[in-house]
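Below are two complexes that have chain A in common, paired first with chain B and then with chain C.
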Partner chain A sequence: MKSVVPVLTVVAAIIGFWLLAVIPMNMHLVADQAQRDGLMVTPEAPADRQEVSGVGLALSNTHLIPLTYNFVRPRLPAPQQVAVELWKTTVEKKITSKRSLVYHGWVTLAPTLLGFVIGTGLGILLAVGIVYSRVMDRSVMPWAIVSQTIPILALAPMVIVVLGSMGIQGVFPKSLIAAYLSFFPVVVGMVKGLRSPDGMQLDLLRTYHASNTQGFWKLRLPASTPYLFASLKIGISASLVGTIVAELPTGAKAGFGARMLVGDQYGQPLVSWAALIAAAITAAALVGLFSLIERATLKRMGMAAS
Partner chain B sequence: MSNEKSVISATNLDLMFQTNDGPIHALKDVNLEINQGDFVSFIGPSGCGKTTFLRVMADLEQPTGGTVTVNGVSPEEARRSRAYGYVFQAAGLYPWRTIGGNIRLPLEIMGVPKAEQTERVKRVLELVDLAGFERKFPWQLSGGMQQRASIARALSFDADILLMDEPFGALDEIVRDHLNEQLLKLWARTEKTIAFVTHSIPEAVYLSTKIVVMSPRPGRITDVIESPLPKERPLDIRDTPEFLEIAHRVREGLRAGHQDE
Partner chain C sequence: MIWAVAAIVIWIFGWWLNVRLANGASSDNTLVKILVPAIFGITVLIVWELLVRGFEVNPVILPTPSAIFERLISEGPRLWADFQQTIIKGAMSGYLIGALAAFGVAILADRSEFLTRGILPVGSFMAALPIVGTAPIFVKWLGSDWESKAAVVAVMVFFPILVNTVAGLRDTTTMQRDLMRTYGAGYWPTLLKLRLPSAMPFIFNGLKIGTTLALIGAIVAEFFGSPTVGMGFRISTSFGQLALDMVWAEIVIAALAGSAFYGVMTLIEKRVTFWHPSQR
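Up next is the complex of A and B:
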């Protein structure tokens, strides 16, 4: 609970910056509209206004500033506009509606979770292999790193299209992208975690003539738990990003990614922004959930960080 | 005094470490007999090979020459038959296991039945004066208590030999005195053979029936002192002339080793 004040401070700073940015970002559009509505605008000629920066235009037309916060199709919507849109599309819409963000949220969440489970499972298996096999250590790790240097934005459409042409559609292709992004932090974290027991602890097991299997279950796996949770928190948000990216360029009809694209293409920035904020809230909730599980687990294991 | 059955025997033991700065002669021509029931201390400056020697006995290091036997067999066979308990410099308790769970660790690995585990944990906890702490986690205990728990862990599977590598090195003087006294009592009660590495002269003299003085570069034995002190040793024995005389001889041995350089 100690983190509430710092978190709120950062949120307030972001919103403050956002509020400031709304004015210059929308000023030109507002000025054009105001002129059409017969309001006074300086400079009068639209061509002249293009020469002036957003800030400059705002300073010479201070009476138009309030309008920038309530523009119908803004370049940058104001926070309260996004909040209203969020409220309308979550609370006031039935979740079966195609315009409900809860519906779109579930469409994105399902492949996120499936991809996360696949990615985490794969990540743990690879990490165990890397720790116990020299061959895998030498061969898999470089490829795991290379895999993360490929721009996911380029890879995702190819995967979706190839799988689509094979008749595989829906949740699975998106899960694959999510798994692709989430396995890596799990591999890195688990390799570090499984290797975290020091020489003395390994020597101790040697004096007991313990087998490798016993060493894994009794020492390496429990020692890696804190590392696993750190990885899971990165992995789940990477999963969500992966799913959204998989929805973006492929003409998906539903999901956060689809909403962002629709808003962009049909000149409805509020739709895009509401989807963006909803995705951020979902990611925060997922990470928060894992933080809670982490705290409970470590406490039960007697390893709670004070 | 102990009877004369040899438990650990080293003959012409040699060990070279290959490092980036060239080879290091960690042990050179080491010969030693440890008899059953002995309490043998290894003392010397850092780099004299005392810990390395202990690790060779435990099959944690491989000698490059000479032979060591533990209970008449090779250190590896002795390790496989769980002939010794090893206590490290740090307690090294698993933070995710309770004190009882930590002591149960070797028993689980060795496949001791559940009921017997419980009984043994209880017994060794009493032996190190930690009865009632079974359910506590390591962080809830002081450093001295943690080290006692690690000794209990080494005792739990009832090996005849106890190898201890500076177990009290990180503790303060008062705690150390107390633990030394307890260790002597424990040794008298369990009749184990103990090999004990230390760099404290009073600790070595107070605890041991035999003190092995070592010196570095190359690591070797410079003196072996059979202690004439009685087996029953109150803490104030450290003020008696006999005690001071042995301490003096150890100090002389250490100094002689230093002057060789």
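Up next is the complex of A and C:
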């Protein structure tokens, strides 16, 4: 708990930087608009203003600075504008509305969770296979490691379109990508976890005359729990990123990714930014949820969470 | 039908060969260790080829490996141009900017225990966020050429490298720091001779996570606007022309580039952290 104040300080610094950046980023747009509204702008010709940097323009037009925080179509929206947009689209809209971020969030979250469950399940199964079968270890494990260096996420949109052209639509294609992305972190982490009991512990079970199955349930699986949770946290955020990227350039109509792109294309930066922040909050909530489960589980199992 | 049977036969043969090799007497031989995954990979490729031919899968859905290989050879110059635009200009420059910025911030923040405690949780939180979603925003701000890709990449690699560097700089024991003090070493000698070297395993961990992120960022950002060259551009346009073999050729290039980038980082890591238990 002693890190609450430092964390808040860093967050405040980030928001402060954001607040400062709003002024130069929007200054040119605001100056143009102000001139059209009949306000005084110091370099009067628009061509001259293009020569001056955003900071310079702000210094010579200090009276315009408040306007940069309330511009309708800013290049960089101010934090409170994004907060207001978030509030409007989550709390004030009915969740069935096409403009509600809760609705879009669910469209993104459902395939993420489905894919995550599938990917994690298959990943654990493969990890068990790798730990107990030398052939699988030798032939599959190197590929599992190499596959993590491949930018497969960049191809997510293509997978969606290919499956779409085969007539497979809806939740499944996106879950496939989410499953793929959570699969390999879980495999690699679980293999490490299932192998974490040392020779001494395995020997002890052998002196108890424990069978392989008992060894698995009573020693290997419990020992792998901390590794499992570490991979689950990586996997869930990878799944969410995968679903969002899959929605981005494919012409998806709903979901966080689609929202970001719609705001970008129709000149409504606030919509994009609200979707971006909402996605960030969702990711944080999911990772936080797993941290909580991790802490509770490890505590009950008697493994002190570090 | 004959193709499918052949595919099954080859699969069984490949698996049998691997069982023999992996459980055989020389299974800890380096050659066998490389041979087994190689046989597995080649078997998958052959089975893919045979199944696609056997079931006459439409090349618009899944091309054969041989068609992809043909593309790789015949479209060499174009693929090379795409590689330069996306990997060299976009990913590499962004990676460099992001990594240097992360080092700078980490070393500055490291001077204060207070800031370190704030940056670690916030940074690892930011590293889990879907930062790649900022790609459309950066393309709008910085135009469609490689600068916007470099910016997306820089932001994406910044947080993992920052968190790992800050965590690494904390990884010295009191004993070691006291030893430096008895030598009369001030802040800078301690940083350069003790704390940075002992942070290197952490730093390289961050750098290796960054390699994949850099390629993802550079390619995804090209989907939102790019000059008429680049891997992301080629993937999306070839896709529009239903030239899936070209898309796969770009995927192969991306995979090779990703593995090579990671491999180079691992090599440098081996050189720099030769003293670390994991490298001995």
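In the analysis below, the second predicted complex is superposed on the first by the 288 of 306 C-alpha atoms of A that agree within 3 Å, B and C clash if a C-alpha of one lies under 4 Å from a C-alpha of the other, contacts with A are read in each partner's own complex, and residues count from 1 in each chain.
Convention: contacts are C-beta pairs under 8 Å (C-beta built on N, C-alpha and C of every residue); 3 or more make two chains touch, one makes a residue touch a chain.
Keep in mind that what you see is a predicted model, and the values were worked out from it rather than measured.
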Combined model on chain A where chain B meets chain C, clash or fit: fit
Which superposed partner A:139 touches (first chain B, second chain C, both, neither): second
Chain C versus chain B, contacts on chain A by residue: C
Touched partner set for A:214, first chain B, second chain C, both or neither: first
C-alpha centroid angle, chain C to chain B via chain A, nearest 10°: 70
Touched partner set for A:32, first chain B, second chain C, both or neither: neither
Overlay on shared chain A, then closest C-alpha pair between chain B and chain C (Å): 13
Shared contact residues on chain A - chain B and chain C: none
Complex contacts: residues of chain A adjacent to chain C: 2-3, 5-11, 14, 75, 134-135, 137-143, 146, 148-151, 153-155, 157-158, 161-162, 165-166, 233, 237, 240-241, 244-245, 248-249, 256-257, 260-261, 264, 269, 272-273, 275-276, 279-280, 283-284, 287
Residue ranges of chain A in contact with chain B within the complex: 200-201, 203-210, 214, 218-219, 222-223, 225, 301-303
Complex interface listing, chain B residues touching chain A: 58-60, 79-80, 82, 84-86, 88-90, 92, 94-98, 105-106, 108-110, 137-139, 157
Contacting residues of chain C [partner chain A, same complex]: 15, 18-19, 21-23, 27, 33, 36-37, 39-41, 60-61, 114-122, 125, 128-130, 132-137, 140-141, 211-212, 215-216, 219-220, 223-224, 232, 235-236, 239, 244, 247, 251, 254-255, 258-259, 261-262
